[in-house]
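Take a look at these structures.
Below are two complexes that have chain A in common, paired first with chain B and then with chain C.
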Partner chain A sequence: MRGILLVTVLVPLTATTLAAQGGSPLQQRLDRQTFEAVRAIMDSARAYSVPTGPLADKALEGAAKHVPAARILAAVRQLRNELADARGLLRAGAPGAPLGTEEIVAAADAQRRGVPAADVTQLRHDVPTATSLVVPLTVLGDLIQRGVPADQARGVIEQLVTAGVSAQQIADVPSRMDVGLKVGAPPLDALRSASPIPLHPLPPTRPGATPPVPNRGPGHSL
Partner chain B sequence: MNEELDMDSRDEARIERLVERLDRRPVTLRPGMRTAVMARIHAEPTSTGGRVWRWLSAPRVSPLAVGGLLAAAIAAFVLLRPSPVAPTGTPVATPLAAAPQTVPVRLVFLAPTASSVAVTGDFASWNPKGIPLAKTHNDGVWSVDLDLKPGLHHYVFIVDGTEWKPDPNATSQVDDGFGQKNSVLLVPQRSAS
Partner chain C sequence: MIRRAPMIAAATTAALLIVSTPALAQRWQLDVTGNRIGYDTAGGISSASFAPLVEWNRPSLYASLGGALAAFQGNQWTTQGHGELSLLFTPFRSLGAFRAEVVASADGSVHSGGYRTAGTRGELRLHVAGRNAGMWLGGAAATGWTTGATGIATSAGPTAGVWGRQGPLDAMVTWSPFRLQGDWYQQAEGRLSTTAGPVDLMGYVGWRGAPAASGLPNSTWGGASATLWVSRQLALVLRGGSYASDLLQALPRGKYISFGIRLSRGRPSVWAGTSAPHALYAPAHGEAVLRFHVPKASRVDIVGDWTNWQPVALERASKGDWIFRAHVASGVHRFNLIVNGKDWIAAPGVSAVDDGLGGKISLLVVP
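On to the complex of A and B.
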């Protein structure tokens, strides 16, 4: 009886203490108007099954960097649109396949770094749906940033995935490629040297494919 | 040796004689003595704290075992904790699966003249104070070890609390949407082998 009494005393105390911690980080770091506006953008994203976590992160990032509210909202809105696009591209590549937030974020990020929409969809179509696209998409963006034509870069990624190369090894390819680039090797040669497996001959760049960007080396974005 | 045996036998004989002299009749208390003793005990002054402590610590048979109490407390915590709530008040779905595995990552930054270096990013909810790096060498190398979820992370270093700088060692960088750059960190899922 007394044990039950103890529980009835402890439970409300615990709940009250936890509730007192209150308030999401967004509420704490944004002014009320900005918070309400971000909330509205997140609501609209949720309605289209677009993940809202990255949107909240973007708003928090803007607040941390002391960005004016209007720019925070513009960035959050733009990210919502990018995520929605990325989700659509992945869905088009494998309708009905499970789709995680991380993959949508990686696809949006890859597009921002120059991966053409068609290659996002094609990669999802060609790679088994059981394989997460987070690493392949990110490395695809890295290769394109290093001057490899988009369709050839995707061909290399698909070869690596099909051959069963581990995600860690695929993730290491860009930094290994930088070794060749630093001594002046052309991007494709540097990529061949960096590959953990011998690569099959790559098809010629398709007409209209994204032309190679000038090699800017590691740590540079488009 | 024989003297020791003689002393032992003498002691035993003495003990037996003492035992024989004992009065083995049952002791009978005078009437009302038990009641009087209990009344004296109850009359002893006790502080409130002492009474509460005795109540809490007194052994008792309870329908709830200690394990049951613990289970109840844990269940209460799980059920009553504030769930992560989206700004609209819509509860965010919490995955029931185990927490995702984390991968140890070391970030290194060279800042010989800095008095402090921190790192912030999506893995730190973009906390403006960031996670501090430790100066590992006198030549200005700062580093921090983090356990990060597999996936794609954006981050920057904060030098002396004010300067936000991308990581020159990062594999790539992206526009942050605010006119600056974020560094990109790809954390692959650890293979099962």
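On to the complex of A and C.
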């Protein structure tokens, strides 16, 4: 009872104190000059419909890591540009479709992990717009990092989504695929084994796509 | 020690250094051990041995080259060499679960008394692998020669094997009967290995059934080894047990115990725990329970966008694992771990991207 009373008193008191200090976590953790610079970057992002939440997070991350202000600002600017690019790629794939912040972030991360811009756009184009691309884009990055050529990895993701495979099942594919890779299967074979549904034949790899890099596992000799 | 032994040792070391450059060899090791051996054909004898090994491990190719030089009491010595080459490929594109393997090996030995032996072996295997288990069927043929024999002995027979894994525990059983000089011999072997922190443990057993016409007894063998990795390059190795006689090269069965050090370019990959990093996926509904392996930490905190970049202490579990339980909103989240309150790291085994701030950051996806 005493604890509840304490919480009842302290929570409003703390909130009032924070409000009196002016502020958002961003304002509290950055010096005034850096805060103003970050806010300017966020304003410029807002003007182009780029989500600003991830930018504020990046600044908070920099502050938590005790990174110099100049580096924080550079990272926030870079992220703004990446999100703007990612938004443009998704928009090109489905011009009138609603676009969520999380999908834009996932697309930017996918690009950082080696997913070609064309595949981000194509995935948005081919997958129903009601389907969130957060998991498909992240898994696409995982598959490419496992040596699956980008266009074929995208083809598999599209098959899974189209077949109604749940996001949770799609998220399980990379770890299931590792089982095949560890016993020496080429990435595409390991991916076929990991798929929760039988896959249709995949399109041939386009020139310049990521070459398969199979691993080798135990069981080859005693 | 006889006069030629140091030359052989120097030549072996030089060869090891030449071929073990990073671009060519994936791993090398050198064991220097003291041994006590008892042969069926002789009493107990002490020896010191020097055994280099070089391994190449490529996506579809495995090769190893190893040797041993052992100096015994009474100026006796023996040298042995072994090489193996294995090629792995997919024979039927439409049956991706099947993998074929061709294995070829050769070995030989030279002994101070002038006795020499040599042998070769070839095997073809067809593998099928599941999530945590696999098996193969195949056939093998081998030859053997000794200075005391009038010709080359040959053997051939089918082989089969199954393997499985459960956590860090790997098990394998093989059956390899063979026909030698008109008689069929039955042979089965099993191996169990695991790793616990800095210690690699391995045990093996074998049985060979000899036909009555051969006049040879059935035989069993078994042994174990423990390797304690003091650092990534140095380990202490304790081994003991028995091994089978080599019928093709007329080498006797023996019992042994040995202790020594292993110098290595790196600890061999552990079957469990070598998965490639991928984004961490939490369940879409309910509480996320995330487990991270951070051994030797006294405290681990997680910081991420959902914690407003404020540290949240993880719960300590067993064997260097740390657990985080929380409800996290859908989306792509970024996080780091803070070890012992000071070291920011990307979560082990989880895909990381540049954080734009000079470090790496891990990805957590909640569908």
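The criterion applied here is as follows: the second predicted complex is superposed on the first by the 185 of 222 C-alpha atoms of A that agree within 3 Å, B and C clash if a C-alpha of one lies under 4 Å from a C-alpha of the other, contacts with A are read in each partner's own complex, and residues count from 1 in each chain.
The definition used in the following text is that a residue touches a chain if its C-beta (ideal position, glycine included) is under 8 Å from a C-beta of that chain, and two chains touch if they have at least 3 such contacts.
The model shown is predicted, which means the values in this text are computed figures rather than measured ones.
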First (chain B), second (chain C), both or neither touched by A:P174: both
First (chain B), second (chain C), both or neither touched by A:H200: neither
Contacts of A:G141 with chain B and chain C, given as first, second, both or neither: both
Which of chain B and chain C A:L188 touches, first, second, both or neither: second
First (chain B), second (chain C), both or neither touched by A:D109: both
On chain A, positions contacted by chain B and by chain C: 25, 54, 57-58, 60-65, 67, 71-72, 74-75, 78-79, 102, 105-106, 109, 112-113, 132, 134-135, 138-139, 141-142, 145, 166-168, 171, 174-175, 218-221
Chain A contact footprint on chain C (complex, rising order): 57-60, 62, 84, 86, 88, 90, 96-97, 99, 101, 103, 125, 127, 129-132, 134, 136, 161, 163, 170, 172, 174, 189, 191, 271, 274-279, 281, 283-284, 303, 305, 308-310, 330-332, 334, 344, 351, 353-359, 361, 363, 365, 367
Chain A-touching residues of chain B, taken from the complex the two chains share: 55, 60, 62-64, 68-69, 72-73, 76-77, 80-82, 84-88, 90, 92, 120, 122, 125-128, 150-152, 154, 164, 166-178, 180-184, 186, 188-191
Chain B partner contacts - residues on chain A that touch it in the complex: 1-4, 6-7, 10-11, 14-15, 18-19, 21-22, 24-27, 35-36, 38-39, 42-43, 46, 52, 54, 57-58, 60-65, 67, 71-72, 74-75, 78-79, 102, 105-106, 109, 112-113, 132, 134-135, 138-139, 141-142, 145, 166-168, 170-171, 174-175, 218-221
Chain A - residues contacting chain C, complex: 25, 54, 57-58, 60-65, 67, 71-72, 74-75, 78-79, 101-102, 105-106, 109, 112-113, 132, 134-135, 138-139, 141-142, 145-146, 166-168, 171-172, 174-176, 178-186, 188-189, 192-193, 213-222
